[in-house]
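Multiple structures follow.
Shared between the two complexes below is subunit A, which has subunit B as its partner in the first and subunit C in the second.
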Partner chain A sequence: MDLVESYAEDLRFARRPAARVLLGLLLAALAVFPWVAAEHLVFLATLIALYSIGVIGQNLLIGYTGQISFGQAGFLAIGAFAFGHLRIWGAPFALALLGAGALAAVAGVFVGFPSLRLKGPYLSIATLGFGVAVYQVFVNWEVLSGGRSGLAIASLQPMFGLSGTRWTYYVYVLLLTGFTLAAYNIVSSFIGRAFVAIRDSDIAAEVNGVSLTRYKLLAFAISSFYTGVHGALYAQILGHIEPQIFNVLESITLFVAVIIGGVASIEGSILGAVFVTLVPKVFANFREMVPVVYGVTILLVLIFEPLGLFGRWLKTRLYFQLWPFR
Partner chain B sequence: MRMRFTGLLLALLLLAIPAAAQTPGVTDSEIVIGLTTPLSGPAAAWGNTALAAEAWANHVNTQGGINGRKLRVLMKDDGYNPGRAVANLKEMKDQVFLNVGLLGSAILNAAKDDVAEYKLPVINPYGNPAIWAKQPRAKIRYVFVNYPDYADEAEFLTKFSVDKLGAKKVAVFYQNDDYGKGGLEGVNRALKGLGGKATLAAAVSYELSDREMGTHALKLKDSGADAVVFYSTITHGANVIKEMAKVGFRPKPVASFPLGDYLIMFRLLGELWEGAHFAILSGAAVANDPPGKVLVDILTKVQPKLVGKENTALTGFTSMAIALEGIRKAGRNLTRESYVEAMESVKGFTAEGILPGVTFGPNRRHGLNAVRLLRANKAADFSYVEAAPTQFFQPHF
Partner chain C sequence: MEALLEVRELSLRFGGITALSQIGLAVAEGETLAVIGPNGSGKTSLFNCITSIYRPTSGAISFRGEPLTRHSPDEVTRLGIARTFQNLRLFHNMSVLDNLMVGRHLHFRKNLLAAVLRLRGEETRHRRRCEEIVEFLNLEPVRKTRAGDCPYGVQKRVELGRALATEPRLLLLDEPVSGLTQEEKEEFAYWIHEIRGRFGITILLVEHDLRVASRLAGRMVALDHGVKIAEGTPAAVQRHPDVIKAYLGE
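Let's turn to the complex of A and B:
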């Protein structure tokens, strides 16, 4: 049925015709979506797209490389403020985005160094400290954070006569597509296998010739690049940033998204982003019960789907592959 | 078959035309009022303003509504998160007639361009009014604000500490954000204006996430200040006052309006709060003033969750009352344009005697920039005395 005869075939994205058709349908649906859905849904989809980029990045680090990090808020802030300053200095959107990602990646390498010595909970605490430190730097250093009322960022100029919301949606979904493809490439290349080897046993990985220094730092750099871009895109869509937005709650939200979506899964990352964006929004009418409903939903997913939402997707796929046999 | 289809299409079109021309959120029998507020998350306590606003709308309904229409409140939680607040507003903009009590400076900043684009009236947003002052005139046509400027208030509090309380060394305890720094700016402005009659002994900041206030208290003690101006939350202010008392330091507290809920402050601090001066938002009546008592009775009857949060409830009530005053004045022909005109004609509106008078105009959107100052008297009976008459500052926009 699904016979793979060469390595190149194994690497091919969407191997079977059915998968290609489904992928085409998905892309078509994404393209049509802003024309059929209400504006606030398009905005939510845009939020999901930008969150997905950050979650994919964190999944590369947490899921694939096994480095539990809680420094996400720090990288988000670095990305957002770098982007804001670059935009104010007149850099075009794409360049500012690249700069934001690159700066966050540099910070990632810096934070990655302790990961060479620290493992498990110790690394989590070190990265958590980084997140808090970055917050403090932005709060107390007003040159960086744009003064006491924060940094204002000009909104994205829509093109092709599209409305602002639709244009932003297309740009963000396109970026998400690019970052998703890049992530697939990373995890199916030698880099991805090195990451997984480190996660499963770093000693064994080193014995087999995987340089821990290089690949751990690379994992931090790549994931921080993704998270920096997430921060930049968030800054762009809000149009105004202040350090308080990037508090430790944001780190936890991204972490929850990775776990709920499915550890070491790119599709799962996107599902996780959908979850953390939509669940509080859908239950917004529940008022003060929102955190309770949110927490209970997380518990239910983890109890019944230990592999995360991606696990449910795998089971569904398997069911249809085997149908009508069970 | 074909005829029937065409007929159906025509019918649908006919149905669609009047719907499109109508004002969002207004029907013959109903007006929808939208709120997005932090009912959960770090600022959930302030969400009580929205519950009180809703309670007042429900009360108005039991009195027959306004101009033959009933009010319906559409309330959504945003968890104090700008992204979620913007999404809520996008969802609401065509369902509601206006928005009341948008809360949080980060949220106001993220939403300010959107609401201008939607032409959505935004009544009494809670957050630094400087955000709106910086906007071009055309973009705040639909915005009506009734919130004091932090720096103006701090300038008055500092002058009062020096002139009336005889302070020679003034310290500031402030939250390390827009709100706290606005306060610090006002304190510095006042001390400059006083020309050396008093000095800034210390400016001690804290983070919203800080819990332990011991070191802050020691820093304040080391400064030797005889008055401390507070730009903090209730929790942090109360904690630092407790810690200062532990190390035997009892300066005169002079607090910004977020600490003006003396019911909560007395409950937290007891006798330590006696003699403290605190500002009241917009110079409004508080829960124990005669007009306040009447309203607190109504609000807590409609919404029992507001018991114990009476002063916050009054703040939420005034926002809804101001919004409804415009609806009342606009009359039966209610559109967003007729509403703006009606709001511009509001003069000296007191909201059932709670406010000293809100006035808007074609060139005035900052309806009231005022505070009053009370002094906490006895913890035993939660009493207070008037320390200074209501201070009216210049409207900023």
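Let's turn to the complex of A and C:
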């Protein structure tokens, strides 16, 4: 029996002792990881961390608010190039990151406007168009993209005598932790409730005082901020960006991560990021197989486990909680 | 007495179909008014016009003396009109409690930073109000249940509770007891009665069950094919020859 003493306690993060222990273990494991794992694995984990931020952002929009959107590559590119220019102009890492997120969020609000009129597939197509347009702008506008040679970004200066790889890992994991906590807090607040209300029934949401205009645009702004930061962190780790990186396939990959990880689940978003980061590595010698793997996995997920990897985990957990009684 | 809600010469057309034609009615503060009429007579359309889900083709609606033509549905709710739907529109994937909390949304002091930092003073304040509604509608056992998993009768109560959570001045109920068992109907009729008595909320009610409607309402309006054919006490309206003809056909 799970007794709650007060409303405030009911709202606490990681309320159950078991959850707190697990969380502590997880954080400890993340801290130790770069000292026990090979360098290329640490780099891979860093990649997963930055990808998770983007997937969480898109899940806020697609999974929680129900706005199926394909403009992600556009926000990635805006975040990455804003970050690149800011860094080149001498802005420190944190400030450039904030600028990249903010600019992507502003773009998100603009892209969000069609969502006030368009629903379902029509919105998807409109946002897909945005992604393609941003791509074309960067490809054709050399002032923005740095021309044929692209933008070169100075690497992060390691601190505390850590190696570059370890330092980047710690910075990125810390950022992921922050963005994850913020996302948990958002979805459990009045904002998250408004998002889910819009997804479950937009008419009922409106009739209960939720402004569709305000909250749809807010969903676009927050998710684009996350995706912009993802783009910036990706640019930082690559050290060199050109527009070709941010093509439609990137939009699809983020979408795949949301669906496979589990719609409307923050933990699932991270699992989804693990999936889309590892699959291309596993199939490194059969590149052309990657989209096929995505496609087949999505079909399997939609048929057998609509809640994605996270749904699978919930069922497994329930199984063990009820064990040995089934 | 001045009317709380006033509808004047309201018409609504969908292409060739006239859903409402020159409807006029007034709801006085504190009364319960029932709207009756056969299927397709325009009752739900009238509700949709009042809550700004449909834009009327012509005519005017005013609430507390203020015209309601340019408002979006959420603004109408903020002014003090809440409603339930004929075919339930719950937030299926939310708990019952969260459904009620959405009803509190417009009363929240909204601060983005407080939300991101998990400062939850507002949350507990509104939770207290929701618990009062939970208690009133006997929803305690299902408080944390996913709304979509609740039986139909409970879902109807949740929707009523969500509307109450907005603290309306005027409550529109679209067939609140349809699809319920006899016992549930009795319970629901009691709650509707109490909502007016205890909370002083004015009620506009669409109901097919004429027994329930005449028990709850002080006055009745009958529609047929989008036209108002009768208005008066429940007994008088049900005896009106046009009403009998509309229900029994020629």
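Definition applied: the second predicted complex is superposed on the first by the 300 of 326 C-alpha atoms of A that agree within 3 Å, B and C clash if a C-alpha of one lies under 4 Å from a C-alpha of the other, contacts with A are read in each partner's own complex, and residues count from 1 in each chain.
FYI, a residue touches a chain if its C-beta (ideal position, glycine included) is under 8 Å from a C-beta of that chain, and two chains touch if they have at least 3 such contacts.
No experiment lies behind these values; they were computed from the predicted model shown.
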First, second, both or neither for A:194, with subunit B first and subunit C second = second
Identify the partner contact of A:8: answer first if only subunit B is touched, second if only subunit C is, both if each is, neither if none is.
-> second
Between subunit B (first) and subunit C (second), which, if any, makes contact with A:177: first, second, both or neither?
-> neither
Considering only the touch criterion stated at the top, classify A:155 as touching first (subunit B), second (subunit C), both, or neither.
-> first
Should A:204 be classified as contacting the first partner (subunit B), the second (subunit C), both, or neither?
-> second
Thinking of the overlay built on chain A, is A:43 touched by subunit B (first), by subunit C (second), by both, or by neither?
-> first
Identify the partner contact of A:264: answer first if only subunit B is touched, second if only subunit C is, both if each is, neither if none is.
-> second
Both subunit B and subunit C touch subunit A at residues none
Inside the complex, what are the residues of subunit A that reach subunit C?
-> 6-8, 10-11, 13, 182, 185-186, 188-191, 193-194, 196-197, 199-201, 203-213, 264
Which residues, counting only subunit C, touch subunit A once they are in their complex?
-> 51, 53, 72-74, 77-78, 82-83, 85, 89-94, 98, 101-103, 105-106, 108, 110, 112, 114-118, 120, 122-124, 127-128, 162-163, 166
In the complex of these two chains, what residues of subunit B are touching subunit A?
-> 39-42, 44, 47, 75-79, 82-84, 86-88, 90-91, 93, 105-106, 109-110, 112-113, 128, 130-131, 176-178, 181-182, 185, 207-209
Of all residues in subunit A, which touch subunit B in the complex?
-> 38-40, 43-44, 47, 136, 139-140, 148-150, 152, 155, 165, 234, 237-240, 242, 244-245, 247-249, 280-281, 284-291
